[in-house]
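One chain, subunit A, appears in both complexes that follow, with subunit B as partner in the first and subunit C in the second.
Now for the complex of A and B:
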């Protein structure tokens, strides 16, 4: 359904073949309601509910990543950094100043977007793969800083926040409440993703991804486009960090900033589901998070590192043979059937 | 004064290590522009190869170079053919694939060794030299010398030999090189192979210095990327000098600020170079984009 890449004068006009946000809304609503039903059905089953909760969180993170990584084609493996910024902002504000995490969402998102823009600016000016390298380096730096500034992060032992249940504290006794919370996060991320995708910025991002020189020649400010996409993506990821902090109530740098457990996993989820599609990253999360748990339990316990070996193979094979992910493969198959008719 | 001298020596020796590690990456990332995050893991394999030769065949680790380097060249050729060649027009997928490779190699070694760490003792690594108030081990000096030799050899190879010229031609313009009768795919394959072989060489030479662990590659790969960018992509002299700059910076930062923040210092060097002079110290202006334009 995607229209040809390149700037379209007014994406909201009713040009034939151009999908608008309004047309996308029923699909969004159906997906969110479907997931809501799933949460309801699983609300009694502790294990599956937890799995679904984590899948919804990573779905939201992958959807956020997709805005710059998929639409903009700028692959980041440093989204764990923005995730951590969100978590530490909310954690510290709650612990030391008793500020509700709902309010902390704002500084967390602003801080994530600001740091993302600051770090990306020098590398986005250049063509080529410097961005990917910089994001890998950024993760290392973030771990070093997190270990060093232990007043904020609690150092290696981690940051703990007190248990004070209540909606205003975003801390709940019932586990299903967290599933609903993360569903809300995912719904919001998806909504932003839909709006960006069907907006001028979305078309600009795709144009930049497909051919940077042509995009620039058509009058697109390439640097500003990439930076905007990155800032939105990082802000949403930071918000995910806030929710995560209140869910686990203890975070430590090694887990939060782990290159594989967060940074690469987000990108891998999007890759498997379908980079650059709206719902692909969500699909990827729903598949990959349970798979990850299963591998950890059965393969990782039999062979040390076995679970990561399998995921590494999925990563390599995915990059080689499923560049557009499951969603892309399905779409290709559907298109082929459509053309034959 | 004595402290200062010690820090400078430490920085220079560390710089030798970075210069050596960067030689191979400079070929792979600098010249043929393949983003290979698994370069540190090839180095790690080199280290374990040296350990294998040392423990099973009772060889001196420095002798294992003769086995390890050809083995890694072969591995590099296979990796290029299976993974990198199909993705040559998609740098972003190369990022993914090479990260997958990094993870795969790390965890295979982890599974085989069961997480035990090893160390290698050679008669040479026990010997320490002292120069005035400064002391250092011979094995680190060997690394320094090897880095200089490897860089010089690579520089001459790229500048003078026919194969070296072919490599540079392919890097600059794949299509034109092909029209001139250069076999592009074989050139890429051997370049990648030599690059991984050089990582293996670095691994062998570093094996008496470090304790071996499956994750050790991560200590070098980021610094190596910073060095290659700092020196100027593809510039052999640049990577050599860049190695010492990064090594000295890290040593000073580690001593006067905080050893934990050394990664941050490397990152700041990397970003600063990209801000001020993206073509690097020795690179031609604009060279950082050569070969990155869309090729079909």
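Now for the complex of A and C:
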């Protein structure tokens, strides 16, 4: 159904303006290199390096979450479940079978994706807040399971793995090595996110988010699209769990599956940073993790719960005035300046 | 007129106690241009939704190219070649105009660039190419209707179902869409339109189906149907005789 009149010159730019993965690559590289430089600069500063390490981990998790939560608009707060699956898979394989966590990445990701698809299947019939509530229930079920199967999880007292430093064990003496490790994780998650966003699946996820009716009528299998997005998102989150396990070497269900410290936090970071944008969730992690720490230390110690109140206020303001988070607001401001010139 | 391409057989649709479509059968031949008219609430859009799968019929079946597609999902029917627009524009507001059309184009073009080219060609046809880069949420209602057509066109469908795409358009825009529909039909597309504008229906002039309170009350050429006393009654009320 091509126009017989041939291409019109002045609209060709519209096609050229379509951002492909190749065009996105330099930006991705610049972001990763910039963060690498930051790791290098902070490598001697213990406190800030640790903060950055955690920020990079949560950056990777939020970027992963964003694939289904942002692009696909399915607001899951159950990603802690996939995070925990990754951690328990790597922890048990390392502890009992001496399997390198690098190898464990594969079963961890497959298991996370598989379970994610399985539990999402019925839940994806629910829309908007109902979906979010169902995922919250899923977290509670997962905690109950984790407490019960103490052979795998160590029950309430947690799962500990032995300290055996070495690259093959993903356990390092130097703290900066973990920063580099999590930077690698973030870079990989970001790369997958870019590839998804700049491909048919990314467009389909957004179409499903905006209007399921229109998506179906355009030939998009809505359920299959959601399941694909969820599986990719969960696999990446599971990988994050593997890295986290090797970083802390002890995990217990209450911490790993905590709704506020993991499940909601991941979603919150993406939401405030810029839900549905490529780099927003990363920006959110870089800002929110240090802020969260600072609030805990200073506000939380003075007024119990004060840190949460400040975070809630930020979230409310963000939801009211920045639909696409801080990243979206910045982009809008830049576009306005650009247009004025 | 060739053999039946898309059709329904003794289809009824009830919503609770309300009969929206009552035992309607018709077939559309390949390459036909058919107008579906009738007063508000006659069941036209319901019939469209049954054809493209947004609704399933209470009784009867939908047939496409000799196969019963009554149980197929809308996305599957789209892949089989049924493209449609919605009476209330279903715009993807967070995407650009071009990206909206690309959503349709991806059906046959997985690569981003090819999809963009197909989408842009469709936008040119409805006269929206100059707004390709804008957010679709910024479009006026009339433009959104044209965008609906562009998205459906991008799917390169074999059958195109247009639900009141002229509503809210100005005369220039109406003429443009009329020309477009005629050209598409000339190129071999099967087209079914729901239309209120009788001038437009006359312009298409081929076959007109009239629905009134869920019943198919007339089926024939435009001149025949529009002078049918039953149709006139349905539209402007019964004359005192």
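Everything below uses one rule, namely that the second predicted complex is superposed on the first by the 317 of 341 C-alpha atoms of A that agree within 3 Å, B and C clash if a C-alpha of one lies under 4 Å from a C-alpha of the other, contacts with A are read in each partner's own complex, and residues count from 1 in each chain.
The rule is simple: a contact is a pair of C-beta atoms (placed from the backbone, for glycine too) under 8 Å apart; a residue touches a chain by one contact, two chains touch by 3 or more.
Here the structure is a predicted model, which means the values were calculated and not measured.
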Which of subunit B and subunit C A:306 touches, first, second, both or neither: first
First (subunit B), second (subunit C), both or neither touched by A:215: second
Touched partner set for A:57, first subunit B, second subunit C, both or neither: neither
Partner chain in contact with A:20 - subunit B first, subunit C second, else both or neither: second
Contacts of A:320 with subunit B and subunit C, given as first, second, both or neither: first
Contacts of A:276 with subunit B and subunit C, given as first, second, both or neither: second
Which of subunit B and subunit C A:196 touches, first, second, both or neither: neither
Which of subunit B and subunit C A:147 touches, first, second, both or neither: first
Common ground on subunit A, meaning residues reached by subunit C in one complex and by subunit B in the other: 211, 213
In the complex with subunit C, residue positions of subunit A that touch it: 1-3, 5, 8, 11, 14-15, 17-18, 20, 198-200, 203-204, 206-207, 209-211, 213-222, 276
Subunit B partner contacts - residues on subunit A that touch it in the complex: 73, 75, 77, 119, 122-123, 125-130, 132-134, 136-138, 140-141, 143-145, 147-148, 211, 213, 260, 264, 267-268, 271, 303-306, 308-309, 311-316, 318-320, 323
Contact footprint of subunit A on subunit B as seen in their complex: 33, 35, 37, 83, 86-87, 90-97, 99-104, 106-108, 110-111, 114-115, 214, 218, 222, 225-226, 229, 258, 260-264, 266-267, 270-271, 274-275, 278, 288-289, 292-294
Complex contact set, residues of subunit C against subunit A: 52-54, 73-76, 78-79, 83-84, 86, 90-95, 98-99, 102-104, 106-107, 110, 112-113, 115-118, 120-125, 129-130, 132-133, 151, 153, 155-156, 187
